[in-house]
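Contents: one structure, followed by commentary.
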């Protein structure tokens, strides 16, 4: 799979500076790359490695001043990196189409022809699975579920009754879609379970992380909209909507009936209260707690989540808070003495 | 399944105002309901929708002033809603009793007659399963486990060695009951595993959420008491006791050997330190961190958890903290100038 | 399995005070032990129970003043407790070596002779499994995985393509090793998935908790080093390294490309930012948020994580913050009045 830097530059349509004949055998991270590997810088944090990297060539968005080397210059270094990664690491071979003999498939399930269903999968009554889908081993597809085209469900995924997946949905191992929402009516002595009769809809091009849980709606739908990406161990409660192209890092929790805007970004471990209607294009810093809508395009942090600049100032001043008490005490004494 | 408002009012024994002959075809959330649907208001947050809802009828606890419409008045609108929900969405048909041919059952397991065990379940030696239980596909019941009557275990649930479940226990997909507690003795060079030889006891009428983990005790028991409800992705460590009728929202974590009181409520992502003995009827706001017992009937928030009113005042004053530093600096200068 | 205190003292090589002939039938926690049981105190929090315990004998590190009883004195009460626990609760019988007839094993997998593979396991192409391993039911071992000797994988564990486990690795139920890292390149309209072509390496003597997720690297490796212990529901993102003998309590989240030092301790629910290089021997208090390296041997808490003593002072002063605003207001008025 060897090639030259010049050929790779052509592949990604990059401006080029350096030795076009240099042989490249693979890709690596900038800190680890060797002289026959190509690397990239997209996150500015990594520019500092440019002067020390041993990489044969670097993809980036503008040529660094005064640092010799072989550079492939492109507006979108990430995308270019993707193309080259695909070149060196072509996607894994698809499993062959077909249903493993150990899978248990309802006679009323409708499974398209180019589908691969792994060992020990269980597919319930009236399930529909579109062409090109791959279900790895031990998946549980409950009755009435509908899955679009070209989805990939990794091992141990459960899709509960009547939920709907769009096309090109990827669900990592152990995730649960459509578990009962957390709904209980307080009674005289004990809680009564509120039947959770709604469903979950996962739209096209969504990816859901390992062991993440998305609860079915009490009534109606829980919905993860087109293009959203959810990391591992996230909790999406009943009747939540996650807007289009929103990304959530691991361990985020969204309480019931909240609507998350589109094109938003969540750091890890963020918590969002229930019954909110959040605007679009918000960035939530890791661990923040969100009790109300911060407004479109805002960047927030802390609990309760505030404008991130204010929050950073608060965080910084906290270090001096014990000292501030002493200063105020001193002022009080000074005034007392004068009286 | 069509009926009239009048018949529904009779079903839930409600006082009634409006058109008794109105046809109702289903239930819906107040924001989404149409003219042939019935809805309800239990959470006061939703009263604001009363003036705009298109619902044919609304169940609630007192008739709203000056808003025309058809109302079913009852002291417990949640419970009434449950009854009507059950009317329109009767519980799913139980799977037929019997053991799927692909399940692997120890010859020493004792399984009552009216039990349904799904595909690819594994039931170990000396397991006891009571009548009316449903085990969905891919459940792992380790040796020595005892399960009471009328329990429902969804797919991919694991119940580890010797654990005990009461009657009417519901366990959502992927939950793990009885995994080893996190116990390691620090040695000279490395940690030695402390055998976790205790069990987990889950009492009657408990529900446990998807991918939640409840660790077995080091010695003795971890116990989730009668009527408690645990949401998804919760961690219950070894030797914890969760009191009766306590509810925990998703992603709560309880450290080892802590005893949680009864009739308490946990918001999402709360963390509780180990070796505590917490009182009854406490409400813990989301994301709070609990280092000690707040005392019976308290409502707490923040880290370390404090009285919620104090915590709300602290949160509010934080926004002005950077400014407070400037004010104190100004005072100091003013006093300096006078001297 | 009855024995005498004297024999147990000999077993753990302990100094001894009290009645050597006392019969002991088992172990228990100090609060629950009865007259024929032995218990221990390692955590000083539990010394307070010494005057009230009903235990027949107590293992501890020094004899308590003025409290009569039977004591086994040793420098390492935990280790001694382990030995006695093993005596009364010898490890569970290993399942017999062999492959369950319902397991699906690739013909190209290389499985050592003394291995036990449970029902419904799936073992992919070119997998290597070393001698003495136990795989409980429903485990998914993807193609190219290599597992060392004497590992134990509990039910529903997934090990993804090409990942490597060392010797004596324990993985609790439902954990996922090697799920795709969370990597997406922002495009004009939507995110493009960055192929995650790296692997996870889990070194010798690591234990990983129930439903914990460890993502594979984008390129290169995610690595959990020798002797580390991870509790339940932890998220380890792509390209993270966890140093040797580091322990993490439940629900910790480590963001991508961060390197965690060795011999560190994490309380529950800690969050660590991405792209950090953390020093060795750090203690992170529960729920802290870590944006930068606190430095070797530090003990930190809060968000952003600070020296724990400073953080405790900040936490304490917060309770008086609303009051402080009033005091400053009063000072301002006093000064105004004088002018």
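Labels A, B and C are assigned to the chains in the order they are written; within every chain, residues are numbered from 1.
What we mean here is this: a contact is a pair of C-beta atoms (placed from the backbone, for glycine too) under 8 Å apart; a residue touches a chain by one contact, two chains touch by 3 or more.
Everything numeric in this text was worked out from a predicted model, so none of it was measured.
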- line: chain B and chain C share contacts with A
Field: Numbering shared by both copies at the chain B-chain A contact, with half separating same from different
entry: different
Whole-Å gap separating chain A and chain B, where each centre is the average of the chain's CA atoms: 25
Message: Counting only residues that touch at least two other chains, what does the list for chain B look like?
response: 102, 120, 138, 156, 174, 211, 233, 251, 269, 318, 321, 324, 328, 331, 335
Query: How about chain C: which of its residues touch chain A in the complex?
result: 102, 104, 120, 122, 138, 140, 142, 156, 158, 160-161, 174, 176, 179-180, 182, 184-187, 189-195, 197, 211, 213, 215, 218-220, 233, 235, 237, 239, 251, 253, 255, 269, 271, 273, 275, 289, 303-304, 306, 310, 313-314, 316-318, 320-321, 324, 327-328, 331, 334-335
Query: Which chain C residues qualify as touching chain B in the complex?
result: 27-29, 32, 42-43, 45, 76, 78-79, 81-82, 85-86, 89, 91-92, 100, 102, 118-120, 136-138, 154-156, 170, 172-174, 205, 207, 209-211, 227, 229, 231-233, 245, 247, 249-251, 268-269, 286-287, 315, 318-319, 321-322, 324-325, 328, 331-332, 335
